[in-house]
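One structure is given here, and the rest of the page talks about it.
Naming follows writing order (A, B and C), and every chain is counted from residue 1.
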Amino acid sequence: MLEMDTLMADLKNQISVQLKMKNIKPEDIGNDEPLFGPGLGLDSLDILELIVLLKQKYKLRITNAEDGKRVFTSVRTMAEYITVNRV
Amino acid sequence: MKAYIRSAVSISPQKTFAAAPFLNEVAAYHTTRLSCIEPDYNEAIGAKLIRRMSRIIKMSVASALACLKDAGLSQPGAIITGTAYGCLEDTGTFLTSMVEFGEEPISPVAFVQSTHNTIGAQIALLLKCSCYNNTFVSGGASFENAVIDGMMLLNEGYSNVLVGGMDEITDMSYAILSRSGLYKRSPLSNLDLFKTNSKGTIAGEGAAFFTLANAASQNDLAGVDAVSTFYKPKDIAETVAHIKSFLTAQAISGSDINLLITGKNGDEKGDEIYEYLQQSLFEAAPAITYKNLCGEYPTSSAFALWMGANIISNNNIPALFGLKSNPENKINKVLIYNHYNNIHHSLILISSC
Amino acid sequence: MNAAVFVAGMGVISGIGNNVPENLAALAGSQAGMGDIRYLRTNHRGLLPAAEVKLSNTELAKLSGFPHTTSRNVMLSMIAAKEAWDNAGISDIPALRTGFVSATTIGGMDKTENFFTDFLPDHSKGKLRDMVYHECSNITTAVAEKLGIRHHVSTISTACSSSANAIMYGARLIKHNVLDAVIAGGTDALTRFTLNGFNTLMIVDEQYCKPFDENRKGLNLGEGAGYVVLVSERVASALKKTPYCSLSGYCNFNDAYHQTASSPDGDGPYGAMAGALTMSGLQPPDIDYINLHGTGTQNNDSSEGAAIKRLFDPHYPKMSSTKSFTGHTLGASAGIEAVFSTLAIRDGIVYPNLRLQTPIAEFPFVPETTFSRHPEIRHVLSNSFGFGGNCSSLIFSKL
């Protein structure tokens, strides 16, 4: 659990930097908050940025944007995907 | 057909954005690279919207939105931009990533925003404006092409168009242009730019937007009578011939010009033509410069047009230019003549209305 | 503003041929230009197909008259622009006001990206002469100078609709009596910058693209240049040969939906096509052939298809995407496709949409799958839709 919490905290910081979210504090992003809901206002270009993030930071490759939508539902689903698939 | 400047907004190395009175103080720098004095974009554009925008996009969008607001328009009839370099920051980011990550997937946003038409496209997206949208990338004639396109649209029946010129300088582009010998060797005061008798100029940047209309209103700053460009004239005689032909087509001569705004940039050789014209064809006209205020960049004539339009509107030449301006004399015809590295030459004739 | 504008000359170089006759032969013979990347130095060789022009820079130099160290983009532009100008045969008409309006998205990026490898770790390194062509404008002026055109030279860059806007702007300069003849179109060479950019956007097909197929996976990049010579009525009547067709309508319309994606209902494409029709005074059933933008991406083909359904239902003209031959040549695409559209009228031909196996289920129309002859072709609509919502459509009409 602690590992998951740390991973999710790391992810929030990384997402904030990758997506240039200067006006939102990483800690204010909810673990289960829909990343692509009206609150954060992310879009299809952001999915692609997050795919790059997964590749560069976690060496995980997502080969199509449709898979991306599922993996990037929330910070938690991202963390779960990384935990399961990380080498 | 004359185009009426309904509004004009500039972000530049001077205090020009939402600043009044017009150019009543000059920002002095000791440098070879002038950078823009930028507004708070959270206010000028909106915190959520600016997330992905690079600096040149923010400068341009802020200017464009303010320009439309000043003209009392929610949507323009067309959006036309002129930029020589486009979005350098994002281009540099993508190139850097390509080198660092060896062609692995890299920032898609940087790629998408590196395209020259991103600026015009972002404005359209923000306004949900489906109107005519074009981007000129003609080097030192980019802004002039945009104005010409806009004036053609007004002639075709459009009632107004939004036209802008913008270029930025980044660390990388400054390094490359410095290596090509464009700038002065050592830092100097921009106020002393024309005192050095040496090679080179100083780098600059900026974004300026204009709402042009096809009919006069009570609130116009000035009118654009004509715009023309010519390319690498073989000698001074050819330059003079182009200028004379331009004036004749407007049924005027050099002596009808009340104020000459020149693109003098401090480069000894490049400035010779301006000095020649001031002593011959335009010897009767007071002359002022603008690149000591905004620096040299391919679309600097947009800053010059902003300056000229405000001078006509106020019927006053700001004190910083050191000219005795008689308010009794109407500043009726102002000619902006500029060349960029003796490659692209441009003429913009503006008049009172 | 209603003065007619005619197409008097054309020139093209692409992945399917180095001039108009070679391109035409490939189109007629269903010979696509995609293959393994041979000329561009990239880690994607053998992984991503592209439709490169089948000439090295040394060979392009011989054809174009430029040194082999010149940007590939300059050389492609020169070859096609010269072919167009020579094809028009109008250089002896007195007092001709001539212009060159060229479009490009990459400028000299083929040289810049090489420069950057050395420049990045040490800003004093990298051959400065590799940056001479970086600016888009310098591609155009290099070619203009060699063609002898000086004062009316402009460059336009609006992503994949670039050349269409160049052709529109050129036509309007004629209508406003600024110019009598304009070489208008565009050019783009294949670069690592664009190859990696589109790959990062995950819209590149690792196989040969299948535009307007239900199972399409994305685009293939191509490269090339295409130009038409537009002339005024005065020049057209003084020419020895009749112009090929007229440019009877055009429209520049913005989708204003998203930075890269087109709206699902195809508002931008619809607006561009409808606007071009309005200008030409034609109705949808008057269009005989649509040269589709048809990149093969999920989004474009859905959006463009939706717009075609809205505008043309129930009378659908023949249509095809020639990007199934040439790949997506970005800033050059509308210029190359303007040449193909002109040929469609001149020869009364319709091109196939290659590799179409399963038509898109939701659309009641199917692009052509074979090359065919139709002497009755009168009006051709050519679409070009790009990033930033820039949508442009051109209509070419038989005289």
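We adopt the following convention: a contact is a pair of C-beta atoms (placed from the backbone, for glycine too) under 8 Å apart; a residue touches a chain by one contact, two chains touch by 3 or more.
Everything numeric in this text was worked out from a predicted model, so none of it was measured.
*Asks:* Chain pair with the most contact pairs?
*Replies:* B-C
*Asks:* Quick check for the class: compute each chain's Cα centroid; which one is farthest from the centroid of chain C?
*Replies:* Measuring from the centre of chain C, the most distant chain centre belongs to A.
*Asks:* Distance from the CA centroid of chain A to that of chain B, rounded to the nearest Å?
*Replies:* Roughly 41 Å separates the two chain centres.
*Asks:* Roughly how far is chain B from chain C, going centre to centre by Cα mean, in whole Å?
*Replies:* It comes to 31 Å between the two C-alpha centres.
*Asks:* Please list all residues of chain A that touch 2 or more other chains.
*Replies:* 45, 48, 51-52, in rising order.
*Asks:* Which chain C residues reach two or more other chains?
*Replies:* If we look for residues of chain C contacting two or more partner chains, we find 200-201, 258-260.
*Asks:* So which stretches of chain B touch two or more other chains?
*Replies:* Expected reply: 105-108, 112.
*Asks:* Flag every residue of chain C that touches chain A in the complex, lowest number first.
*Replies:* For chain C paired with chain A, touching residues are 200-202, 258-261.
*Asks:* Residues of chain B touching chain A in their complex?
*Replies:* Its residues touching chain A are 42, 47-48, 51-52, 101, 104-109, 112.
*Asks:* Can you list the residues on chain A that touch chain B in the complex?
*Replies:* 19-23, 41, 45, 48-49, 51-52, 55-56
*Asks:* Touching chain B in the complex: which residues of chain C?
*Replies:* For this pair, the touching residues of chain C are 1, 42-44, 104-105, 107, 112-113, 116-117, 119-120, 123-124, 128, 131, 135-138, 140-141, 144, 150-151, 153-159, 165, 169, 172-173, 176, 192-193, 196-197, 199-201, 252-260, 267-268, 271, 386-390.
*Asks:* Show me the residue ranges of chain A that touch chain C in the complex, using the header's touch definition.
*Replies:* By the definition above, chain A touches chain C via 43-45, 48, 51-52, 64-65.
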